[in-house]
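Letters A, B, C, D and E mark the chains in the order given here, with residues in each chain numbered from 1 onward.
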Amino acid sequence: MSHQALIAILLLSPFVGFLLNGLRYRSQNYVLAGSIATGAVFVSFICSVMLMMDLIAAPADQRRLTANFFEWIAVGGFKVNAGFVVDQISSIMILIITGVGSLIHLFSIGYMHHDKGVTKYFAYLNLFVFNMLILVLGDSLLTMFVGWEGVGLCSYLLIGFWFSDAAKAAAGMKAFITNRVGDAAFIIGMFILFFSFGTLNMYELNALAPTTVEASWLGAATLGTLMLFIGATGKSAQVPLYVWLPDAMAGPTPVSALIHAATMVTAGVYMIVRLNPMFVAAPNTMMIVAIVGAITAVMAATIGLTQYDIKKILAYSTVSQLGYMFLAVGVGAFGAGMMHLMTHAFFKALMFLGSGSVIHAMEGEQDTRLMGGLKKYLPITHFTFLMGWLAIIGFPLFSGFFSKDEILWQSFASPRGSVFLWVAGAIGATLTAFYMTRLMALTFWGKSRVPKEVHPHESPVIMTIPLIVLAILSVVGGFIGVPHLIGEYLGHIPNYWAEWLAPVIKTLPEAAAPHTATQEWALMTTSVTLALISAFVAYRIYTSGKGTNEAIAKAFGPVYNVVNNKYFVDEAYFGGIINPLVKQSQNLWMYIDVNFIDKTTHVISDMTKGAGSLARSFQTGNMQQYAMYIGLGVVVVLTFVLMR
Amino acid sequence: MTDAILFWFLALVTVCAGLSVILMSNPIYSALSLAMTMVGVSALFVTLGAYFIAGVQLIVYAGAVMVLFVMVLMLFDLKHEIQAFTRGKITGAIKIASVGILAGLVVGAITLGTKAIEAAKATEAVAGKTYDNNTMSLAQNLFLQNVFGFEALGVLLLVIAVGTVALSRSRGGTHARD
Amino acid sequence: MLLSVVLFLPLVFAAILALWPQKSTIRHLALGFSLIEFLASLAILRNFDANSAALQMVEQYAWVPRFGISYFIGIDGISLMLIMLTTFLTPIIILGSWTSIADRVKGFHVALFVLQTAMMGSFLAMDAVLFYVFWELSLVPMYFIVGIWGGARRIYATIKFFIYTMAGSVLMLLAIIFLMRLTPEVTGGSISASLLDFYKLQIPFVAGEFFTAQTLLFFAFALAFAIKVPLFPLHTWLPDAHVEAPTPGSVVLAGVMLKMGTFCYLRWVIPLFPEAAEHFAWFFVALGVIGIVYGALVAMVQPDVKKLVAYSSVSHMGYVILGIFVMNQYGVNGALYQMLNHGISTGALFLLIGMIYERTHSRMIAKYGGLASALPVFTIMFIIVTMSSIAVPLTNGFIGEFLILMGSFQYSPMAAGISVLGVILGAAYMLWMVKRVFFGPKGEIVTHAEEDKEHALHDLSVREWVVMTPLIILIFWMGIFPNHFMDYSKKSVDHLISNKHNYTLEVK
Amino acid sequence: MPETNILTTIGLEHYLVLSAVLFSMGMAGVLLRRNLIVLLMSIELMLNAVNISFVAFSKFNNNIEGQIMVFFVMTIAAAEAAVGLALAVSIFKRFKEVNIRFFEHLKG
Amino acid sequence: MNITVGLTDVLLASPLIVLFLFSLIPLTIKTLRGNSEQNPAATIVIALIGLGLTAGLLLVFGGSDKTAFNNQLLFDGLTQWSALLAIIASAGALVMMYENPATRGKQFSELIFLALNSVLGMIILVAAVNLITVFIGLELMSLSLYLMIAMSHEQKISKEAAMKYFVLGSFASAIFLYGVSFVFGSSGSVNITDFMQSAATLVKTNKLFLFGIVFVILGFCFKVSIAPFHAWAPDVYQGAPTPVTSFMATAVKAVSFAAFLRVIATQTLVGSQNLFDVMQWLAVITMTVGNVAAIMQNNFKRMLAYSSVAHSGYLLVGLITSGISQNSAYSASSVMFYLFAYSIMTLGAFAVVSLIERSENSVIGTDDLAGFAKNQPALAMCLTIFMLSLAGIPPALGFFGKFYLFSAAVSEGLLWLALWGVLNSVISVYYYLRPIVVMYMKDGEADVADHSLHATTVTVYVCAFIIILVGLFSGPLFDLVEKSLG
């Protein structure tokens, strides 16, 4: 099959799934709906695999399969095709999307079987996959943007899936609008790039990217990429636009796994990697990206420390991990960023699904304070979750270890890195270990705090299979990109990942400062040790039941309060932007529209009417008055005629 | 000199009579004063050499029209009017002022205008036009030059006659003082 | 001949309807007529040569030769799509008003058809006086539609609408007269009202001075059109008119009538007064940008759904003005496209609001809530249209808005920077409204409907499906294959942009 | 032009001024009096002033047409008087009133 | 002097003669029948035949640019068109008189006699080139009118209206005559053709002439109700029986303007810049006063009266234009065209009012029209057309009237007058829309008084038809008028 056809099937299969399910949205046959949806995504997965194989078969410099379906927009010099491309970067993405996606679809069949809107749910999920595929396959920024907004839309629909709950509907809205803020910047970024380089096609853009780095802040590449990055902060939940993601947990848990952990939220990272030559040409942007990434990584992790909602913890964890990815791409470690993207997709999808399994078992309960000791009720879930936990805290040789370690190392060693970034990353890693352990302890270990009326039970097979598959991937996924140092040590495992990506990754033009293997070992050991220590501490605290709110609040005082309230960011947004905006809009309406423009109109009309009344008042009915007007008129006219 | 004295005398009579027309509060006196004015005007016509017109003025105006007025007044049987004049002080002032200004303006224009006419006369020397100031030339002019106007006046008078008769015959009213 | 047929067919239909004795079949007849009209306009589409910027299917007959006034119509890429929009929307409107217009059915359809002719006439007219005739004529049926079939404050709204619009257009009439007085320069002595002759005029312009002929004429025209658009701060008639108008009235108003204003900027203002237009472009760009943001902000706080959509129209039309006055290919093509989008998506929104109003007799957002569970299909339709309205890619709204923003970025990055706020705010007010109306716990109305079986809410009827389906299809068709539509207008727009200083239209 | 004594040399101007004075008086009467009949009389006064003016011009311009006009004016004045009085009679018959202040129903 | 009255004169004057003779027929029959009212239908038919014959004769003999009776009457295009217009308008008014309760009665023959003679006066007025003949025509027209108003069966206010009109009209006539005397004194002639050439210079050199011409112009201003000389108009229009009002508002106004046009055509305005300025201000004041005062009216007839004042303002713009224009045929024909448009619209509107009037004393308020559209859709439609046309909404006749008028004004550089005019027409929209609003958008039981009033109804339809048809095809008519005026 030609790769055009493959790409077409790849794209259209979920869409067809969407249509099939969407048109029979009333149906509550979850098996049929789930089969259609999962099948659709699985077909895509097959296509992805076939495409990947084609790609692998091709010589390294020709690994690019394009499909131009039609000319989408063509105005003047601006031409955008409905063109899709599978290359080293997007092939990874489509595999993740369709692969992880299939698993999550599968999981959903079990998870959503009792829901009335199950068919609608699968339709949305398929639509999401379709859009996500457009996002990653699009050959130009605009096609990417189509998917970019499309996934936002699906995210909106899925977060607000249980719309009768006002809070959930609001969360969906919040996600969409926050994303829109980023999208607006994304649009501006596209304009800057288009008007500077004359194209939005990402290959052409990369080819046209300035060869000398832009020192100025006002350079086209810098401004353009900066704007695109702001777009990415919206989509990928980075500071300051991350606020929607924790709320997005209002959606069904598989959705959180698919959209808010594995795929959509990584779109920003993907976009940066995609445009890496452009970013490389803009060191200022990259600096911002790295700093934002580092701040996000730490900040979200701190918030994660205080949360009790199982999904919220995972959500902040996701934000934090996304911060790592940005940190990576910000220091020029695009490969590492992509790698972490992939491993994160595995272990975070796993953990979300695991949490879904837990919630399923807990009959909808999400508060970890009411869990504990679930290990014995949910052995498979616990085990798979454990694998995810090990991966995320960067336990050596688990997938997270490789990617996270590479990021930390690069943040220190890259010419665009710095020791501060490493410190931030290390703190983040330590905190991650802490709160993830806390999550494990509160949920699975320790004493059971499960209410009596709830009877936890292991999830059905259809839900555990995906968990198991993902657990395996979480464990071994890292070996695809074993860092050179460790690879040497483990027995010459080549870094497939770096090789694969090398043709599409632009190396930083700056010469890297010389670093020794000792340095790398030392840093790696430090961070891993810190993480393990913090995990142990957390284990001790939380399995012993000491880690209650009150105790911690006492220990940390106001700091806890601030962190527990998520640094009051939501409050600041509402109090500082949204509420005043609504209030001022009200004022605009009342004062400008009603009291100024309309009033002016009314005043004019009243004045006319007043003039009319005045004119009427001269019409007294007294004939002599009229005669007087005539006489007066004659006099005035004569005077005027004579005098002037 | 005699014509001057005559003019001034007649002017005085006419103006006084005219003033009493508008100042007398009893309409009968006004009517009589108007008749006096008509006579004065008629005399002025004589001083201007328009004898026929003077006669007509006496007969038609002082005779017929004034009799009509007086008759109607008698018919109405109006007593001395308590409110002969309009009351409004401001409007009254405006009215008198506007009349005064108008008179002033017109007099000014007359002063300037007659000079212009005389100047024009001096240059053009009024060729051709002789002022055949007799009834015959008047009649000739009326019946030849202005015969259409004359006929139209006839129609007008007929219309008036029919109209007034019709008006007086039109249905009686029920509208009371309110 | 075809053009005239299409133009006057509705008038003939109106006459037939007016004389039609049978009350019960009026609607069917009207629907049939409007479909015939739509088919006739498809014939135009077929015969139109998209590869030419020329004025096509021209018909010119002397009308008042003394003043060089002629019956002169023609179609080019710029007007073609608007004609199609008009003929396309009319059957939908008729079908959409099937039950909502219960009173004086005949009068309504007569007014609608007269309105159709008037609107198409102002798109097609190439003679100033003819244009003015159609322009003003369009007020009258609209006036009746709002005034007779409207809401509680319909009389206030309709008079406001009429007088506002009239106030703007009388100055234009003077400007037209003035231009006609200038034409002997270019026609060799005879006065002419032909737009083509107007195009040839070189009207004196001095930069920096306000009281020059071209500037004053420019503002006379621009004001008339700005009121119609409506451009901030002349927009206040629109919310009133929309709120009070019956559903079909709102659809026509938003769908086609507002476009008369923006279209005329392209047909009249820019080609006739290119220097002034360029010189004062910043002003209109600024107003457009203010309109975008202001309309969106004010829309956000409206308690009435229809008023919200009305203010969103202000915002959307701000985009169109922005696109037109940046005067580059992106902006103008985008603006033209946005006109169609707005016609379809806002028209659809009004239709949907009308449908729900018919069921619940309320438009207050606060009374709704949880409608999605009662009316799922309706909700989906509404959300699709909302997506089009907030310009989500693959819907029509995106293409227009993106191109306009692109054009404005080329003109002034700051303008684009501010107006892109509209993208955010647009999502904010629409989604907030969707949230309050469709999502959340069941509101007063839904609860009431559930308790009271007689007033139970029914999801879309077959008729309503038929009404909405073409619109939904178009929303996606136009979003995915914009070239199918844009190809017709590109040549004309290119021609306008590149030759605006000595614009002329070849006649074909 | 020798200095002419305006007292002794009576010219066109004198007659015209006289006519203007009479005209103004008539006008004042129309403006000020309340009795309909007196109003009519005042109008007659104005017309008489016009007549003086016509005849004076006629004489000083050597143009007989002025007198023809006076003739016409007189006739029309008579006709007007007839109509006016007929109107007055009909009004009086109906309302027993000729004070014009009584007739202010039409206003505004 | 070698002056004779020949056959040509008689032929030229034949419309006048015929009209007069026809006016006598009903009266004679009535007299012969022992002073009892004969069949009013016959009366009206005779009158209409008379008018028709007159119009026919005018078409045959008029418009030839010939003078009759020794340069007293001029039969040119202006005469022809304005007389025809007066005849058309009067015919409409006569039809209304036939069916309106306030005019149809025992004195119907007399009324028709007066009306026809009023038309006779009108034709004299427009044909006359001699100011004194103008005056005779004016008086013939006006005196008949006063009597017609006074004869109304309407009790309460028509006498008052007649009285006001009469006193003020005589007052204005006196002023007019005074002006004529000055003109006569300073130019030596009262024939417009005589001082036509010298007027522009005379105005500059001779203040007396200037005053004279100003008085004459103001006399006309009174007749055509230019503010501040308009004060009589609303009262009289309201007080007079509706058919007579329509007669006044259309025929009388049309011919007054036509005669005014003759006076203005003397290029006086070119001579005196001040007068020119004053006239412009008068036009502005008139438009404004008429329109703003009309806004506040509820009485339909009174509203139309103020609207008529406002239209006088527009017409004055045209008049001023033709006063200073080199190509006065064009601007004069724009005035004529507007007069035509205005007359038809106003006639139609009054005809509708006349239809609604239930008794001779009924007052039609705008609010009384509520529900009219439901009961009388066709008539309501017609009234709507009239109102929209009056407001100047295309493609009705009124729009083209305004278009030609303002077009002429703009071409003479009177842009600001045109501007003021169009702005005023925006104000006017407000009150013209009100009846439409009430008719269509409010519930009520308005209906025609008597469903058998066919003649007036036909008048309404004809007027509406003319407005639309001539509106759409105004070009030929305008060309025709301009050609004959040129």
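Keep this in mind: a residue touches a chain if its C-beta (ideal position, glycine included) is under 8 Å from a C-beta of that chain, and two chains touch if they have at least 3 such contacts.
Keep in mind that what you see is a predicted model, and the values were worked out from it rather than measured.
Trainee: Out of curiosity, which chains are bumping into both chain C and chain D?
Mentor: For chain C paired with chain D, the chains in contact with each are A, E, in label order.
Trainee: If I average the CA coordinates per chain, which chain comes out farthest from chain D?
Mentor: Most distant chain from chain D: A.
Trainee: Whose Cα centre is nearest the centre of all Cα atoms in view?
Mentor: The most central chain, going by mean C-alpha position, is C.
Trainee: Using C-alpha centroids, which chain lies at the maximum separation from chain B?
Mentor: The most distant chain relative to chain B turns out to be A.
Trainee: Count the touching C-beta pairs: is D-E or B-D ahead?
Mentor: When B-D is set beside D-E, the one with more contacts is B-D.
Trainee: Between chain A and chain D, what's the gap in Å when you average each chain's C-alpha atoms?
Mentor: 98
Trainee: Compute the distance, rounded to whole Å, between the mean C-alpha positions of chain B and chain E.
Mentor: Chain B and chain E have C-alpha centres separated by 29 Å.
Trainee: On a C-alpha centroid basis, what's the spacing between chain A and chain C, in Å?
Mentor: 37
Trainee: For chain A versus chain B, what separation do you get between their C-alpha means, in angstrom?
Mentor: The mean C-alpha positions of chain A and chain B differ by 102 Å.
Trainee: So which stretches of chain E touch two or more other chains?
Mentor: 132, 136, 139, 143, 147, 150, 155-156, 159, 163-164, 167, 171, 175, 182, 185, 188, 207, 210-211, 234-235, 296-297, 430
Trainee: So which bits of chain B are touching at least two other chains?
Mentor: Residues 86, 95, 98-99, 102, 105-106, 108-110, 114, 117, 129, 141, 145-146, 149, 153, 156, 160, 163-164, 167, 170, 173, 175 of chain B touch two or more partner chains.
Trainee: Give every touching pair of chains, nothing left out.
Mentor: Every touching chain pair, ordered by label, is A-B, A-C, A-D, A-E, B-D, B-E, C-E, D-E.
Trainee: State the interface residues of chain B toward chain D in the complex, per the touch definition above.
Mentor: Listed in rising order, the residues are 1, 3-4, 7-8, 11, 14-15, 18-19, 21-22, 27, 30-31, 34, 37-38, 41, 44-45, 48-50, 52-53, 56-57, 60-61, 64-65, 68-69, 72-73, 75-76, 78, 81, 83-86, 92, 95-96, 98-100, 102-103, 106-107, 110-111, 114, 117, 126, 129-133, 137-138, 141-142, 145-146, 149, 153, 156-157, 160, 163-164, 167-168, 170, 172-173, 175, 177.
Trainee: Looking at the complex, which residues from chain E come into contact with chain C?
Mentor: 377, 388, 393-395, 399, 403-404, 406-407, 410-411, 415, 418-419, 422-423, 425-426, 429-430, 433, 436-437, 440-441, 474-475, 478-479, 482
Trainee: Show me the residue ranges of chain B that touch chain A in the complex, using the header's touch definition.
Mentor: Touch list, chain B to chain A: 86, 91, 94-95, 98-99, 101-102, 105-106, 108-109.
Trainee: Quick one: which bits of chain C touch chain A in the complex? Just the residue numbers, please.
Mentor: Residues 160, 164, 233, 235-236, 239, 294, 297-298, 300-302, 328-330, 333-334, 370, 372-373, 376, 380, 383, 387, 392-394, 398-399, 402-403, 405-406, 409-410, 413, 416-417, 420-421, 423-424, 427-428, 431-432, 434-435, 438-442, 480-483, 486, 490, 494 of chain C touch chain A in their complex.
Trainee: Residues of chain D touching chain A in their complex?
Mentor: Where chain D meets chain A, its residues are 27, 30-32, 34, 100-101, 103-108.
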